[in-house]
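Listed next: structures, encoded as structure tokens.
You will see two complexes here that share chain A, one where it goes with chain B and one where it goes with chain C.
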Partner chain A sequence: MVKQFKKVMRSPISWIAFTLITVFVLCAVLSPILAPYDAGAQNLRERFVPPFWMEGGSLNHILGTDDLGRDILSRLIYGSRTSIAVGFLAACFSGGIGITLGLLSGYFSKLDGIIMRIADIQLAFPQILLSLSIVAIFGGGFTKLILVLGITGWVSYARVIRSEVLSIKTSDYILAAQTEGVGGARILLRHILPNIIARAVTISTFQMATAIITESSLSFLGLGIPPNVPTWGNMLQSGQLFVDSAWWLSFFPGLCIMLIVLSINLLGDVLRDSLAPKTS
Partner chain B sequence: MLNYILKRLFFSIFVLFGVATIVFFLVRMTGDPVAIMLSPDATQEQIDQLRASLGLDKPLIEQYLIYLGDLIRLDFGRSLRYADSAFTLIIERLPKTLMLAGTAMFISLCVAIPTGIIAALKKGSIFDQGIMALSMVGQSMPVFWIGILLILFFAVDLGWLPTGGYGTVKHLVMPAFALAFGLIPLVTRLLRSSLIEVLETDYIRTARAKGFMPRAVIFKHALKNSLLPVITVVGLQMGALLGGSVVTESVFAWPGVGQMLVQAITNRDFPLVQAIIIMLSAAFVFINLLVDIIYVFVDPRIQY
Partner chain C sequence: MTNANQNVLELDNIKMYFPIKSPFLKRTVGYVKAVDDISLSIRKGETLGIVGESGCGKSTLGRVIMRIYNPTSGEIRINGEDITRAKGQELKKVRKQCQMVFQDPFASLNPTMRVGEIVSEPLWVNKIMDKKGAESKAKELFERVGLRESDFYKFPHEFSGGQKQRVGIARALALNPNLIIADEAVSALDVSIQAQILNLLNELKAEYHLAYMFITHNLAVVKHISDRIGVMYLGHLVELADKKEIFDHPLHPYTEALLSAVPVVDKRKRRERIILSGDTPNPAKPPSGCPFSNRCPKCMEICKTAAPKKMVLENGHQVACHLYQ
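After this line comes the complex of A and B, so read on.
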């Protein structure tokens, strides 16, 4: 693991990605300290103040204010909390389901048919559509979103893990363990799981990026996190109404989404390349 | 071969049946759908009335069978808000969504295929690296933000295109490009890597050694095979396009099925939501079936 980490960090791209991710995580953890204003603090006398470099802007509000006079920068900093928490927890949750089902499906051929058919049916639903239909029925909100994204994201883990297990299963050391009478659960957890963790980590980076985009899309449509919580998707939704007069309301939240998704994707790419023996 | 197609057809029907079943039970899992549909201060009489009119007073299994029977006859129930058949409402709007998704697909192929080929042929060059970096950035941009950026630039700043709506070709340009934006990087990267792989194979080396024109080698020999994975992904991505159209249509006020879905969810118009989800999935399953069948004709190696 340490060796692999060193290999990953050799690329300058991963340095950029790591720095960006660290900045966003720090923003999320330290938002009350870093944010110059309270995210919900309204000031109707200072509505639509543009960013500081534009005419009428001031250094009091570096990135300007929105339609209720709330400080954009502060809201962006608080917004990183939702994106990172939703992305991380959703990736963990879908990873938990996907890895378990992938292991079972790959190892026990009796379960394989059922699990893979369910996966096929689920793939017949585009993820955003599936998330929308679940949200339509159960409603939005933080916890429900994580559950929705977890349930909709497991397939990509399960499929990859399954095919990995299928190939590991036939290797000599597994056969040796089986002949010695080691039970299925023990083989899966002790002998197979450690070999697939690296792959699972790679998938989880892409899954996290997808979860962040889906969450912000749902919030943008008004179906995700309640509008009173400052999230990037919510900011874009209300900002779109003023797109012809105050571009900064919708530009910066989107930029944040792009930057965090980009850095997670970059990290995932580097991880994948350095873990795949074929390309390195 | 007919056997294979029949097998795929059967699987598609099975998937649709699964989708319909999941939707049916999801809607009922929340408890009483009627309670969600009506406002909280509805009287017991109103609740009973709506429940009877929707057939919700019958046992669950009977409801399920009636529901399946209705689906086979393309009866998707009535929208609560528009008081019209959900099927008619969707059919009215479906061409607009398909037009948007189709145009987006066309744009992305027009952009991605040439760039993918050039990137593969000039592997490692500045052009290739630039394309790869750009596609990485493009893939990380949420579609609604691209839409807003397009509106900011082309509608607000330049005033060339309308901010949204439906009618002329001008209305189509921005939503189609916004939707295509997500697909272009994907197809470019895929075609690039698949073409690079094919170009390293023996038969390409043989063709080159025989002294064919480089252009003929690429277009007649290599491209054919490297387009195969692209076909698969394009088919799968039609689903993402249909899903993406939900967001894009909302950004550009494009009166398609996606926009109607979001409105139906906000209005708690459950029969309509249910119908749209089933019909969009059906469209997606059908497209995938088509791709599978096309594949049989394009790739003689396929086993059936």
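After this line comes the complex of A and C, so read on.
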């Protein structure tokens, strides 16, 4: 696996993706050290300062300030915490539900009908609409947001995992395990799960990207994280009012969202190639 | 026929019909008769070869015996015990006596498990011994089938096809079965490796008091390893006799045609080649009467209307053909 990982990392694209993700993770972990200002520190005398290369900009605020005079760069750095945490936790949570249900659904044909019909019903709703209604009923906030994203994201895991299980469970090595008297739980966890974990990891990268976008969208709509916490979605939302006069308020958080989603997706490709079980 | 306690395996009128479902309403519109009314027995320490062309149901028969598929009707007895409807713990117990070696050594070993774990797993899962004991027993088996102890912690992809098949054999031996069903166990291997594996199987047979059911399409293999040979065609067992008897006096026209396809070096011993016309019929729509009637060079009027009954001649030679009734 390490060898294959090294081989894949030779391509420049995976290098860029990997570096970007490292940078974002470092920002999230070290935000109090890296950020030049406090994320909430307002300075009403320095509102709408443009980025340093524009007229009126200064190196004190490299990416400028927002409508309340808060430093954009610092807010972006602090915002990476929320985005990465939301993405990671939501992917883990929905992965936990989705992988479990997918395994059960694929292996036990009696459960298959029930689980897949629930999945179909859920797929009939657009994800954002579903998230919106759940948030509208139960309220926003960090924990609830992760729960919502987990509940809305499990279907994409479950469907792929189920189809993988369906094809693996008729393979000779599973038949062999069954005829040896290995029990169902052990077959699922020890024989089937390791063979599909690569697929699950790949899906979770895409799921992470989707979760980050959904979080941003919900925050943009004012339904996600409370506005006093800096997140990229919140920043986009507050910036949109001034997009004519001060484009940098919404441009940079948008750019960050795009870059992290892109690099996570690229990383997913890299992982898929290096985690696949060897067959010959 | 023989005393019941001497038979490892007895099959009585086994039928395995797979329903064909219509695409939308999932109604059963017909059946694929993969195995149709097969009765046979395997004595202790005997090797029964089952031959037949692709799709004749020989692998299905093996899987029915392993209870991977549940037979539509009929009775399976292993060591005299009826296992046709065994479930749960009972089925687990039965399966210890009967293990399988699969055709494709690449597909029959889990790519994510170390081979040592694959071989030792059946021992501790069935609570025959603890994990440690299972490991040392598995190492013994490794040595016995011709693998090194250092191979124990390798993954399947690090082995060649022949070595993988040795792992598969070690796994089948782990539970100390009386009967091993070898489903095309050597077909995926090179000819030189085939011979090694066949010799290994022959050695193990005496050592572990095994009986084999050897399913193959390769007549040379079957001739090398079997005591008795059964010939299958379209889900039916058309002929069953001792190896020598089958090769010297084949009775069923299908067996004759099969044997005539084996190349013989000695010119004087060459048989006239019988070329069968047409393809194997669709097992969902078998010909009425004898299943072989539409391709049989000796087909008579009666063959097209009535299915031949199984006849047993004095020397134990079984055949299902109107020519002998």
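As a convention for this text, the second predicted complex is superposed on the first by the 265 of 280 C-alpha atoms of A that agree within 3 Å, B and C clash if a C-alpha of one lies under 4 Å from a C-alpha of the other, contacts with A are read in each partner's own complex, and residues count from 1 in each chain.
Going forward, contacts are C-beta pairs under 8 Å (C-beta built on N, C-alpha and C of every residue); 3 or more make two chains touch, one makes a residue touch a chain.
Remember, it's a predicted structure, so these values are computed and weren't measured experimentally.
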Are chain B and chain C a fit on chain A, or do they clash, once the structures share the same frame? fit
Which partner does A:A28 reach: the first (chain B), the second (chain C), both, or neither? neither
Partner chain(s) touched by A:A209 [first = chain B, second = chain C, both, neither]: first
After lining up the shared chain so the two structures overlap, which partner does A:M116 touch, if you call chain B first and chain C second: first, second, both or neither? neither
Residues of chain A touched: more by chain B or chain C? B
Just chain B (first), just chain C (second), both, or neither: which does A:A91 touch? neither
Please compute the chain B to chain A to chain C angle from C-alpha centroids in the superposed arrangement, rounded to the nearest 10 degrees. 90
Does the superposition put A:V229 against chain B (first), chain C (second), both, or neither? neither
Please work out whether A:P194 is in contact with chain B alone, chain C alone, both, or neither, and reply first, second, both or neither. second
Check the residue A:V49 against both partner chains and state whether it touches chain B (first), chain C (second), both, or neither. neither
Let me test your reading of the model: by the given contact rule, A:F125 touches which partner, first (chain B), second (chain C), both or neither? first
Nearest CA pair across chain B and chain C in the overlay: distance in Å? 5
Sites on chain B touched by chain A in the complex: 11, 15-16, 18-19, 22-23, 26-27, 29-30, 136-137, 139-145, 148-149, 151-152, 155-156, 163, 239-240, 242-244, 246-247, 250-251, 261-262, 264-266, 273, 277, 280-281, 284-285, 288
Within their complex, chain C touches chain A through residues 63, 66-68, 92, 95-96, 99-100, 102-104, 106-113, 121-122, 125-126, 155, 157, 168, 171, 174-175
Tell me, which parts of chain A touch chain B in their complex? 120-121, 124-129, 132-138, 209, 213, 216-217, 220-223, 236, 239-240, 243-244, 247, 250-251, 254, 257-259, 261-262, 265-266, 269
Complex contact set, residues of chain A against chain C: 171-183, 186, 190-191, 194-195, 277-280
